[in-house]
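The following blocks contain the structures, represented as structure tokens.
Next come two complexes built around subunit A: one with subunit B, the other with subunit C.
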Partner chain A sequence: MIKDSPVAKIVVSEKPDDDILRMVAEFVKARGCYKTEYIIDPDILGGIIIRIGDKVYDGSVRSRLETVRRAL
Partner chain B sequence: MFDFTPETMLLSALTDMFDQMGITWSSIVLHLINLVILTVGLYLLLFKPVKKMIRERQEKVKKIEKENADLNEEVKELKNSTQQVLSEAKKEAAAIHENAVKVANQKAGDIMGDAKARAKALIERTETEMDEERKKLQSDVEKQIADVSLAVAEKVIGRDISKADNRRLIEESLKEWSEKEND
Partner chain C sequence: MIDLNDIGRGLKEKISKVKESGIQRSTGRIVYSGDGIIKITGLSGVQYNELLDVRGGYQALALNLEHDSVGAVLFSGEDKVRFGDYVYSTGTTLEMKVGEELLGRIVDPLGNALDGLGEIVTGKSRPVEYPAPAIMDRGKVNKPLQTGILAIDSMIPIGRGQRELIIGDRQTGKTAIAVDTILNQKGENVICIYVSIGQKASSLAKTVNTLRSGGAMEYTCVVCSTADDAVPLQYIAPYSGCALAEYFMYQGKDVLIVYDDLSKHAVAYRAMSLLLKRPAGREAYPGDVFYLHSRLLERSAKLSEAKGGGSITALPIVETLAGDISAYIPTNVISITDGQIYLESELFNSGVRPAVNVGLSVSRVGGSAQRKAIRKISGQLRINLAQYRELAIFMQFGSDLDAETQKTLSRGAKLTDTLKQRQYLNYSVKEMIVLLIVSQSEVIDGIPAKKVTEYNDGLLDYMRMNRQDLLDAIDPDGEISEELRGKILAAAEDYLNYTVGDGEAHTDV
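For the complex of A and B:
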């Protein structure tokens, strides 16, 4: 079952500490995902983006700024 | 016995004078008869034809006069008719002129109205275009201001965001998503 689980792709702006890794692992496990793949992308400025299959959780600073820009 | 009245004396004098001239009473009577015959002859041969000719000429003159009068009347009628025609032509010309002026005025009014309507439409269109251009410009300026502001914000945030801030952001995001899905 773990072997067949989808890979959660996680984008962060800098290398996460252990607490973050644990919290993220719990979050993705709760959604049936046991594998993670981290990508360091400073362009997101901060926050986190988690993609599990088709589902995308975007909590990056860049997306928040985009929201603000659209609102303006 | 002798009668010496003036008439007999005049008769006697005339007789004497006729005798001296060789004229007798019988020749006088004959001359009178000749005169009568000549008169009758002249009357029949000359007077009647001349009279007839004169009458004919008079009739002809009368006829000519009548024709002349008729012609005069006709000329008068023609003159009146011409005057009437001229008068009617003048009236018609005046009516045509008046109508032409009316039509020209109407056309001028139409042209003026059309020009005014076009000018109004042009002004309205120009105002609308200017308004749209102004709004577009305003929108562009606002967009540019927003873009510049966000670019500045990105730079500031990218430079100033601390590890703690980043951690807090991640924690908040995870918590928010969990709560949303639980709801």
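For the complex of A and C:
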């Protein structure tokens, strides 16, 4: 089962600390995913984007600012 | 002096009101792009008609949900999206900006300004696709919508909440009737929406100029998609316009909406459907082309008093080819609407303008909404005209006719002339009543043939200047007394003597 697990792609703006790593691992395990792959992309300005299969959990500062921009 | 703290506070307040759509979104990747159509894999949980965000800030509409991919149409950026680009679901369907701010403006089907008068900020929107009012929410059509065109208001009356199709070949004055109707709503407390679907930008510019110079833009919004716009924009344009109309209708206001024209709308939908590889039916239109228009026109309604009593009157326009009203789209729309105004190029070219074919035009519900006085005096009009046309066919054989027949013929011809009306020259209800009374009386026999239109224009001027008391005495919702009728005819006779003099008045018969 673990072998077939999808890879969770995680985008962060800077190198994550241990606390975050642990929380992310828990989060993705709860969604049936055991492998993680980290990408560091300062463009997201902060926060985190987790992509499992075709589901995206977008908690990045960039997308939240984008929402504000559209609403104003 | 503007206080920076105030601005800061205002912004904070606004930002605190921003609704976040939640962080979980479904994504997919583009695996096909061409002709404005994209196919996307992934996107689990996407809805039909859901708005999609394509990377790069473009928007698309999910229309085909298939086993392993989603077919969507792009509103813009069809040459910018790349293979493999991410597409995000938004969880919302398409919405149109609504509000009083849109009156006097020209907008695209998403509510963005196209007239260069600055961005439109309303803070309100309505879904572009919305269910029609339920049966119990509807009221009876009982208030007239005056077009200001004698031939229509007397014989094919339109009520508020009715759907009256304007159908005819190209260049027969379809748009002219719609524009005249919008112009005539000045001071009538009717909000007008003109939806252009796949029109030439040049003809649209002409229409807008007419509306503007006629002072009609104050209460009118133009929702526009031109022939060079992306096909999906042309497809949603009438629904967007209708969403705006509904906003006003549910506030209890009366709205007039013109869809110009639905045949181009059907063509745009056909293009989209064929590119999405939906099965083609008759004339290559997809199977749901009937539903396409029925769901749009069902949203026009007269609401019951309990629901505020607002209404949407729809004037859809359909263009026929070579007068063929039994083609696919014309028959569909004829069966959906509550009547049609049929325009003929033959009439148009022979100088009968508006070129309304009285025999084929009907109004199925407007009669009950017609002003009482007009209904009373125009009752015989249709029959008289029908008799005239029947006789006119015999006249072509050139045989000798008895005096009675000649009189009927001459009267019929003059009646037809009375119904001719220059564009942008709308009659008020009282003026119509005067013209109808005169045209069905002995006075008309005295007017020289071919001078009727001239006489009518002059008569109305004369009445306005010298006999305003008679115009004031007319009650459009009551009976026209014999006495008043006599006075009006006497005034008409006076004017006739004044213009033609006794000598030449009776020489034409």
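Definition applied: the second predicted complex is superposed on the first by the 72 of 72 C-alpha atoms of A that agree within 3 Å, B and C clash if a C-alpha of one lies under 4 Å from a C-alpha of the other, contacts with A are read in each partner's own complex, and residues count from 1 in each chain.
We adopt the following convention: contacts are C-beta pairs under 8 Å (C-beta built on N, C-alpha and C of every residue); 3 or more make two chains touch, one makes a residue touch a chain.
All values derive from a computational prediction rather than experimental measurement.
When both complexes are superposed on subunit A, subunit B and subunit C clash. In the superposed model, A:Ser13 makes contact with subunit B only, not with subunit C. In the superposed model, A:Val24 lies in contact with subunit B only, and not with subunit C.
Legend: residue contacts after superposition of the two complexes on their common chain; A:Tyr34 is shown touching neither subunit B nor subunit C.
In the superposed model, A:Arg51 makes contact with subunit C only, not with subunit B. By the touch criterion defined above, A:Pro42 reaches subunit B but does not reach subunit C. Touch counts on subunit A: comparing subunit C and subunit B, the chain ahead is B.
By the touch criterion defined above, A:Thr67 lies against subunit C but remains apart from subunit B after alignment on the C-alpha atoms of chain A. Touched by subunit B in one complex and by subunit C in the other are residues 57, 59, 68, 72 of subunit A. Of all residues in subunit A, only 51, 53-59, 64, 67-68, 71-72 touch subunit C in the complex they form.
By the touch rule above, subunit B contacts subunit A in their complex via residues 142-143, 145-147, 149-150, 153-154, 157-158, 161, 163, 165-167, 169-174, 176-178. Note for the complex: subunit A touches subunit B at residues 12-14, 16-17, 19-20, 23-24, 27, 30, 42, 45-48, 57, 59, 61-62, 65, 68-69, 72. Partner subunit A is touched in their complex by these residues of subunit C: 11, 14-15, 17-21, 23-28, 42-44, 88.
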